[in-house]
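This is the structure, below, for whatever I ask next.
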């Protein structure tokens, strides 16, 4: 059951990722694209956690943690770029 | 002296790092003194190493005490040690030149110089192909940074091309390494050599694709046609000490070609024996040809020297393509000669350019030199040497290369090119010399300042090597013959480096 | 005679003498300079007797056995003859030059060059080793270049010297090839061995090539047609140089070469054809052209060419007697031509002109010199009782005694006579046009006799002309005989050096020549007029323009290939790489191997789809840079996912953290670079590039697939087995990084450190234009540091540092390590920069990033050096488990110190890059016009 | 693994999966950037929390030791998601991206852009 | 799976190569970054793909080849350093040369290299 | 407070370290304590002055309340997203706030973003207005009132500002 659920959820997330990519490509504004990328980060975290659960391994936790941390920085930097151009001023 | 063979890497590394730290980091004088001391120590250790290898034979240094083929080993053999000694001498001389003021034209000259030397020495000494990649990157990144030393539009422009081409090269290197590891499952060069012979047909084909990729990478460093385009602009726009140090850079590529395609994919490699030759041979000949044309087309001394470097690269590559002991020995001799002389010429071009005002080193009428005699003698030595005229080292190198061709057909291709290349150099350098030294307008300018004694010392050191290489040519060629023998003897260069592995 | 080996080196030593004595008077300098050559000459003469008796001296010491080069000298008849000429005439020239050179000329330098040349010439003629011979041969080219260009400030001197060097240098290169082939054919570079292997050589397949190459060397040096043009232009040299180089030495080197290799190469049809015809052509051309020269030295130069042709012709004929005649003429020509040059020099020196249209009637002004010159010129013309007559007679004789041209053989004596006619004509012109023929016209100086001793060398030589002419056997008999013996490598035919042989054809030919010469000279105006119809082509201009056009063509070619377009260079690089790489793939039978593949799953398919779409989107939108960058981030993210999926957590972590820093850097670049890429690639280029890209991608993919589907044994089992026991960690990847292959990592952090230093250098003098608005022209927001971001970032910093510490400490046993930890720390600090700006941080965070890099690399290195203390190689790791109350068991490892070094370097490098880049932009936002 | 635990994990996972999907669905479906902003900040946050808790339970069970480090990710996301949303909203406002036609208070965008008080 | 993986590597390589061949520094840097992704995946694949086989002792039943992973790690770091340098260099080139073309000047619309001979006087 | 320049953070770091390592062993405790002391000490300069938490219990209660709201709000939002879009009535609202503390405003804005169908879009320069976007704006006044009473008031109390 667990494996089955994991697979199902994985499919959900796959669809989610594809929807994200669609938005990323579609735009129309850059803000939309950044938002899509940010969402993609979150979905990826879920994906990694799922994979960890699937394999029963805790080795992938740090990757998820890192995406959470770094995804934010990346979104912040991109947004700041749109606002100010110069991100480190 | 158990650790002697790693000193040529560690000394510049430690000095390079120390130069970034107080109390050295903020004072140019201290940096200079430290750099010279460091390079002198390096030179001494390199000489000791040379001596040790000659008396006691090849020295294996297993880093972290992990034995080959598992860990990384340094292999101090007659070939690598020769090049390390050459690099150390070159670096020492160039530093003597640089410390007269050109090191001040930008930040971090001394540490970068050290790291550059470390990278070069590492590339020569390492016995591990991935480690070779790492040292390639060390020397490349240092060269990027040194190339922009002094600033200026031209330099930036040249650096852009140089960097991007080399980044592409690095990618290819990794593709190649991936294939090599993916087929042979090991990284130690001796181990690779042993395993290449045992490859099954299909895997051998795959390994071949990797091996040939590496050839492109090394060819790019060695300025093999059509990968040579970066060289003239890069060398001619670099500041003089950097250009002089770069004289050894193409040799790293050449050296790697010799090592990889003699030891790993050499005679004994079964299906993969001498795979480089079908490509190397025509390309090396074309390299000589384009270098010779470039020589004729050179508008100034620096570009001319750069094109001379291309010709020497082509000649060396031709030796690699011939792939015999005699050819390798010739290449080693010629390599030492051409490195030192072209470095000397780069420095000399700089001195001359500084004394000629706006004309710089272009072959046009200009004001006279402040030190015509000294410069004239040095120029004559450098020029004759690089053309390959007696009584300087170029002629022995040239004769050795000509003698190395094995078949009549090979001679028919190589000889005319080498000789015509010399002729092109002769024509251009004689024009250059007469113009630079005798076509004057105006009088001595008060702006031009004489070259400083240390600068001249550096040039003299580099160019003096040429007559010395002739006087002691007997010993030197005996050494290169021995080194070439080592490289071509599979037992010596592969099995002996793998404890517990025998044919 | 073991001293032989040092014999040529006496003059070499002598090159220093004039430099040392240059500060003394000119006379002292001249005498001191002459000393060593004089001693050398004496030493040689001392041994002459033995040589005349048929002895040959050999002496050698090893030098470069690898190339068959030894320091080997020989003294035989031929060497002896040439040595005497070189040294004897050399001494006279030294004396002559003492008076010739003006006070402004550096006599020390001149003598040094002269002696260097003398040394080189001696080396050539005394060599007993092919390569050594070439060594000295080229040395003569170089030293003659120095001599010809002695007055380098004069354009003719520079051009003339360059031309001489180019032509003789080119010949020298051909000679080298020839000699090497010769040595290769014989199996030895010893000259004697080669001379003894004539039959072998002539039988070998490479004989024609060898002969052509060696003759090219000889012909260029001896100014044979069609390479003769350099010689007249070399007349820009000071006259002592001409007297020396172009009478007795340099140009004779070519003759010497032919004589030297006579036993090895001569007496074949090929030799005959090449040498005879070349000689004949040269003989005639030189003689004809000489007549029309107005320059005194030009006349002599062309006459030299002609006489060299004559000698060559003789050497080509293949009869022994002809060879003897050739040698004899070498001697005679050297004597009379040297004296003529010197006389011409005196005339030039004392009258200020060499133009025969100005020089007239000098007999009145310098009768003594005129007499000497007239005697010498008569010898040149072949007037009886003078030495020139003798060898010319022999020459005519030999032209009659050959039949190698078959039914056309009669042409040779006829043409020889014709040449003789012109010789007489130009000799006559030399005499009449200069010393008689009315009054001088517009001479810069009033001519007068030269200083007493300046005339001595001429007197000596002219005396020799007479003495040899009258008592040939007495004076040069032995010399000639032994030289001939050396040339012929054994038996010398009978010949007679008598003045009178009776009324013979040769005498008739001489008479015709005399008469014809007289007629031509008296009717010279017709000839001049005839000649004037032809546009005079100055070989100097032709040569220069040929070189110029070669240079231009080369430049055009180079600018076509090296057109400065990186796109082309990259294209070629990749094209070459992938062609080389792909060709072996044709031999691969099946792409897929036997290794079972992993089954597909939805997740992977989705990921691959995302990756591919994002990758293609990056390309499609590459001109909209920000979007391209976003797509690139997606690619990076999926790549990390792939690493995670295929069991490489460390890689995933690293890729993720690197990715963010890269994106931040690229955002910075976006700000300073144009926001959009203009469309400038032509459709053709796009298609071409797409083709290459597809080719590269396809090949890489194929190889990748082929690799992955084939089983592989690797050395990695060792790492898995020894990671815990030998390296003290369970994360094998990390243990490889810090232990098994720690050296790679040391290099890698050095790369990072260097990159930071380099970037600092790049930034240091950067003048960037900061755009005042974004790509669509919208002004930037005024909200520099958004409130929420600022506040939250502060809270995140300690958390991020803690995570960083966590990742650092676990690295050895679990995924993580110094590098990732360093990047996390860096990103956390960058986040502060983004949120608060540089100014805010500057006062709060006082880290010297440069020191961090330095100490990071130092710590990593020192951790490796620590093992030296215990006698282990660099980077030998150490670890142990300890137990402390309360805390429990824990591990300490040297690898952790190493990793600390990594951490510091990473933080230092990343921050040095970003913080400095940030600092750069704190200055005023200038509104700058876009440059593109 | 006891059934009740498995059921809990599965339910949590399903909740997580559905919310994540809905979040991304909203992102794709909603008509303007301002509305789209809601889905990742909310639905996805909750979704990821579900997955995290499921993972936490599962790993605690597998390692026979309570493993709650996934909470850290939750904490992180809860802290950062609003800021990320805020930053993106700021960019949209700065670029004066039009809100959907019937959005109320559209005129506020200008005040927001200048960070002024709303017009009276 | 291997086929898909190889396809991705090939596609990324192609994308990277195409962008590297563009004329503007930013595109080139992006291209090189893509290329380095491809390179890293390729190098990684040289140790063969394995699921559930992280090379952490005790965490898996069987282990993937750790050596290529270590190599890729080194390659990533070096690639990062190089990319960083290239990015800043691109900025410097823009600053010094006034444009962002890799050749330092905007190429002019070029005339045909070899003018056809004949006809024209 | 020289050893604990940021006591709240120290506690958090201590807990997080143990969380990360999934361990309560003495060794990890020591390390946790070490980092709980050193990290705040390292970063103490990297902070602006912020008000301290005056009412920790209230804070905890507030957090729990928000968590509940998150769940509820998110379900609502999820339903809105999958429901008919045409029925949605989005809108911008300016919420007057009277807090001077940046930290307080940040917490409020974050809470607003996380909870009732609203996203904090902007804070006015004078920090008197919080602009929000609501996915489905029913009664504007009620929303403002709810935010002010349910979230702003407790935050002010917690930080005493």
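Order as written gives the chain letters A, B, C, D, E and F; numbering starts at 1 within each chain.
As a working rule, a contact is a pair of C-beta atoms (placed from the backbone, for glycine too) under 8 Å apart; a residue touches a chain by one contact, two chains touch by 3 or more.
This structure is a prediction, so every number in the text was calculated from the model and none was measured.
Contact with both chain C and chain D is made by A, F.
Chains touching both chain C and chain F: D.
Interface comparison, A-C against A-E: more C-beta pairs in contact at A-C. Core chain by CA centroid proximity to the global CA centroid: B.
Averaging Cα atoms per chain gives one point for each, and the point farthest from that of chain F is the centre of C. Chain centres here are Cα averages; for chain E and chain F they lie 42 Å apart. Centres computed as Cα averages put chain C at a distance of 37 Å from chain E. Centre-to-centre spacing of chain A and chain D amounts to 11 Å, using the average Cα coordinate of each chain. Centroids of chain A and chain B (each the mean of its C-alpha atoms) stand 48 Å apart.
Within chain F, contacts with two or more other chains are made by residues 16, 20-21, 109-110, 120, 123.
The residues of chain D that reach two or more other chains are 18, 23, 25, 37, 39, 45, 63, 67, 69, 72, 76, 79-80, 82-83, 86-87, 89-90, 94-95, 115, listed in rising order. Counting partner chains per residue, chain B has residues 130, 134, 137, 141, 144-145, 148, 151, 160-161, 164, 168, 175, 178-179, 181-182, 187 touching two or more of them. Two chains count as a pair here when they touch; such pairs are A-C, A-D, A-E, B-C, B-E, C-D, C-E, C-F, D-F.
Residues 6, 9, 12-13, 16-17, 20-21, 25-27, 30-31, 35, 39-40, 42-43, 45-48, 50, 102-103, 105-106, 109-110, 120, 123, 127 of chain F are the ones that touch chain C when the two sit in their complex. Of all residues in chain E, those touching chain A in their complex are 51-52, 54, 56, 59-60. Remark: chain D residues 1, 6-7, 9-10, 13-14, 16-18, 20-21, 23-25, 27-28, 33, 36-37, 39-40, 44-45, 47-48, 51-52, 54-55, 58-59, 62-63, 67, 69-70, 72-73, 76-77, 80, 83-84, 87-92, 94-95, 97 touch chain A in the complex.
Here chain D touches chain C in the complex through residues 76, 79-80, 82-83, 86-87, 90, 94-95, 115, going by the rule given at the top. The part of chain E that touches chain C in the complex is made up of residues 1-15, 17-27, 29-31, 33-34, 37-38, 40-42, 44-60, 63-67, 69-74, 76-85, 87-92, 94-96, 98-103, 106-107, 113.
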